[in-house]
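By letter and in written order, the chains are A, B, C and D; residue numbering begins at 1 in each of them.
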Amino acid sequence: MSHLDVQNRRIENGFRLTRVGITGVRKPIIVSRHDKDNHVTAEIDLFVDLPSTQKGSHMSRNVEILTEMIDESVRRKATSLEELAAKICRELLDRHEYASYGEVNMRADYFLEKTTDTGRNSLEPFKLIARATAKRGNELMKLIGVEVEGMTACPCAMETVRTRIAGDSPKMAEAIGDMPMITHNQRNQTTLMIEVPEHVDIEADDLIDVVESSLSSPTYGILKREDEASVVINAHRHPKFVEDVVRDILGKILDRYGQLDDSVHVTVRSESEESIHKHNAFAERITTLGELRAIEDK
Amino acid sequence: MSHLDVQNRRIENGFRLTRVGITGVRKPIIVSRHDKDNHVTAEIDLFVDLPSTQKGSHMSRNVEILTEMIDESVRRKATSLEELAAKICRELLDRHEYASYGEVNMRADYFLEKTTDTGRNSLEPFKLIARATAKRGNELMKLIGVEVEGMTACPCAMETVRTRIAGDSPKMAEAIGDMPMITHNQRNQTTLMIEVPEHVDIEADDLIDVVESSLSSPTYGILKREDEASVVINAHRHPKFVEDVVRDILGKILDRYGQLDDSVHVTVRSESEESIHKHNAFAERITTLGELRAIEDK
Amino acid sequence: MSHLDVQNRRIENGFRLTRVGITGVRKPIIVSRHDKDNHVTAEIDLFVDLPSTQKGSHMSRNVEILTEMIDESVRRKATSLEELAAKICRELLDRHEYASYGEVNMRADYFLEKTTDTGRNSLEPFKLIARATAKRGNELMKLIGVEVEGMTACPCAMETVRTRIAGDSPKMAEAIGDMPMITHNQRNQTTLMIEVPEHVDIEADDLIDVVESSLSSPTYGILKREDEASVVINAHRHPKFVEDVVRDILGKILDRYGQLDDSVHVTVRSESEESIHKHNAFAERITTLGELRAIEDK
Amino acid sequence: MSHLDVQNRRIENGFRLTRVGITGVRKPIIVSRHDKDNHVTAEIDLFVDLPSTQKGSHMSRNVEILTEMIDESVRRKATSLEELAAKICRELLDRHEYASYGEVNMRADYFLEKTTDTGRNSLEPFKLIARATAKRGNELMKLIGVEVEGMTACPCAMETVRTRIAGDSPKMAEAIGDMPMITHNQRNQTTLMIEVPEHVDIEADDLIDVVESSLSSPTYGILKREDEASVVINAHRHPKFVEDVVRDILGKILDRYGQLDDSVHVTVRSESEESIHKHNAFAERITTLGELRAIEDK
């Protein structure tokens, strides 16, 4: 060992460190799936743990791994962001021989073609989230996640408005019937993440579908007049609290991934940029498939 | 001159620099106005220009000014953020004897008590913007600005929905009449800034009023059920494009500040976080009172 | 119950939600401690959990609590941000009778007067973090945290440079001896958070001291030439990896808070904006006092 | 005209609006240049002006243009971001027949392979900036810009430290000679933008070279020990204020683009995240080639 290897020095009275590494690395990645290449720019964090006896982690090894596995293998495309994260995570444990834990986090912009009510195609932006974690000697765990922007319309204000307007006259009450009434609606940001053992395959596109179908309405870049009205009417026919969004997603996750193990972790978070307030409304469930099933059985 | 004064070295073939200074300084400031103390945390940028013959600007002088005029004079309260900016700007020119231009920018959170429809008080957050600029030998100019969050409801989607619903039956058309129909509504961020000679006094609270009254509706932190319905109904009775918001503000500025000089600069910017899209709608006018009057005269 | 209380509706096949509430509320708060008033602007998030049988959480109650406890009690000053968070958290459980868990998060700018090497006073900005969490029937836990910006200088590059320069000639090697050599140094952001039972009192100012004394050097807004040299020399005499910063903080926490219970949670995170890279270096330890003591005993 | 075309309604007493459009659109774009495809994710803003007599701008036309020119023409690659911006800008004026001004802004991550001192390849991230503006009937102007992260080392602190250390003994003074001394160094962010008539072609890669060669040192993702020492030594052999960075860039722009017209606009901005302060140092020049030449002639 060179005396210049300051990181490798033995120290006494050190403390173990949970995570040591680099954050904010940006890299272009090609994800090739179902015969389609997605070129994404990922923001990446890499960590290993550090035993109490060693002064420093060799952080340049982290960048070497990224360079070899991403920069120099442009032609070896990743089949998914989480699969690439898993490979990098294994390399982390290989090259940091002193580490017992490795972690790789990635986030990237992602685009999917969606179709509006009138059949117009619109290329919509989403965020992909991938994480791989491994304890040496144990199976690697991978997390697949999506961030989806959409629309929520408030069911509570809708009922209060209906009562107030219907209260003006019985004739009005009859006319409006169960017509969707005005309410506040707004941009909503919902995150869905599932953590599974490495051999399990989850499609990010499916997670985006689960979230979009649980909002008051998906949103689109391009909307001509008739599409716009359809989105507005659709959203007001499905008024939802953030609580409803999270629960509808949980129900669909149980339906779609019922075959997976009880230990699978699920995180759902929904935040609405309330148009009537300057603050946001927020709902979250952090759970396992096992817990969700137990509740369902009640 | 000490040889250590690297900044002060003479250089040849240098270029004049438009602005040299420090950015991102955070300071607590007490603004005392109308017998009320507002304690704000300001983010401050300070600049002077630099002649082509001098190597560097003495940036520590900028911090000295802030320390003397803000940290050490806690009891000498500022009467307004822009008044404080003006004083600092004059000090900049005094202490950077080589400079011909000084500029001070400030931004701070600000709170005002507002009252909802049912008489409930709600302390609402806004942003104050202040800028002072001076060319040596000329009158100092100061800018007073506000950033206001509120709500817009779209007039176009409302009409399309009305036509579609009314088209279903004449009875329905009669019943709904000119009742506000469902549309997309959303959080809106509007900025209004006025730049005037130093001796002119503009109240930031007035600017906030001008903006709030030009939106579809102001928004509130606290809204019980009846207040919420009132905000929703109010917003739908005043559907507005961002274009409408900017124009209504321009009209009110002409009314309220009609006595000011033609040369006074006005900037209005309104951005709606469209609930049906993932992108924003934006409108802006950068102008002078003189230009606005000329248009009005047409 | 009014039929308008949509939130209160009974639902079947619902799922329990871990956290439901509001995020991004901004409020001015007066923290009065040791006979000194600190006026801070806090960003606040409030949450309770929601049982599977109830449709929605009454989010307006969260804002009511904030209004009563912050806006309307300007004269009843908080003794600390975390004490205020604790009071609000208890109110959350009182007013959301269906909830079994409450959580309050706060972040605020904070300023402390620091003294440079030559005795100059400089008002420095920090961030305060406060969190209160409570399970119904259990003791409330509170978290006190600080975010501190300072400076790290890299020990590894320093040794490589020394070897290269000393290698040029024995005379040079003798001359430079153990003189601090050039290396990359940079802005560092370190977070220290301690979570304790409500009755335990931790001073945020002490946490700031712990962090600042563990960096290569604290940093200052105002530095005249001699101060600047002192900071640079001081930082290069204490070159530190982010790993060193975290470990030095952990050691000081054990020294200073040795009397506290084994169950007390400690989180330390240090991130350096590496001047030679476009990415950051990061180290973290999440632990308990008990774990730290066990390691120390080895 | 349909009565549903709310935007197209005639209004009286309206005001002209300087810019109306959409902001924050995200799109994947393929830039194909010198036989190499760069897949970038761009953030796009589009604006036209609006005459005083028209109620609203047809914002969905803006998205239609993006869809046709980006989403549906994946195989028709752009030769540069600014060339694509120019085409979109022309379409804006074509489809908004009432507009006399069009503007398109784009920003995107961009990667270039760079080589360290020891010959190691490192894929480095930069930001591209493109803008196209056109007044109806006039030639379109396009702006090409880059944001580059690198490193600056402070010349002033270096001299103060040298004097203090040399002052300790004549022997020391002799030994250190003009050896680079310790100083504060830090991450720097520099922006260079040039605005030219449409027919003029500027390479973004050249602008990146101009900036990187004007910093104390470029920075790299991957640096093994010897590379790291080289970057540190190189940076300390070229200590620079932000003022120096801006001026060196201006000099190189004059050299490299001397054949361009006097009217060409140049903006240079350099900001250093000072490692000894919590605030940044900033220098800027906004000018034309003509102004720069006049200064040079003095």
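Operating definition for what follows: contacts are C-beta pairs under 8 Å (C-beta built on N, C-alpha and C of every residue); 3 or more make two chains touch, one makes a residue touch a chain.
Being a predicted model, the structure only gives us computed values, none of them experimental.
When the CA atoms of chain C are superposed on those of chain D, the rotation angle is 180 degrees to the nearest 5. Of all chains, the one whose Cα centroid sits at the greatest distance from that of chain A is B.
Per-chain CA centroids place chain C at a distance of 35 Å from chain D. Each chain gets a centre from the mean of its Cα atoms; for chain B and chain D, those two points are 26 Å apart.
Per-chain CA centroids place chain A at a distance of 31 Å from chain D. Contact with two or more other chains is made by residues 4, 25-26, 63, 125, 156, 160, 221, 223, 225, 228, 277-279 of chain B. Across the interface of their complex, chain C is touched by residues 124-125, 149, 151, 156-157, 160-161, 164-165, 171-172, 175-176, 179-187, 217, 219-221, 223, 225-226, 228-229, 231-233, 235-236, 273-279 of chain D. Across the complex, chain B meets chain C through its residues 4, 25-28, 39-41, 60, 63-64, 66-67, 71, 109, 111, 113, 121-123, 125, 221-225, 228.
Those residues of chain C whose C-beta lies close enough to touch chain A in the complex are 3-4, 6-7, 13-26, 45, 47, 50, 52, 55-57, 59, 63, 155-156, 159-160, 163, 241-244, 246-247, 250-251, 271, 277-287, 292, 295-296, 298.
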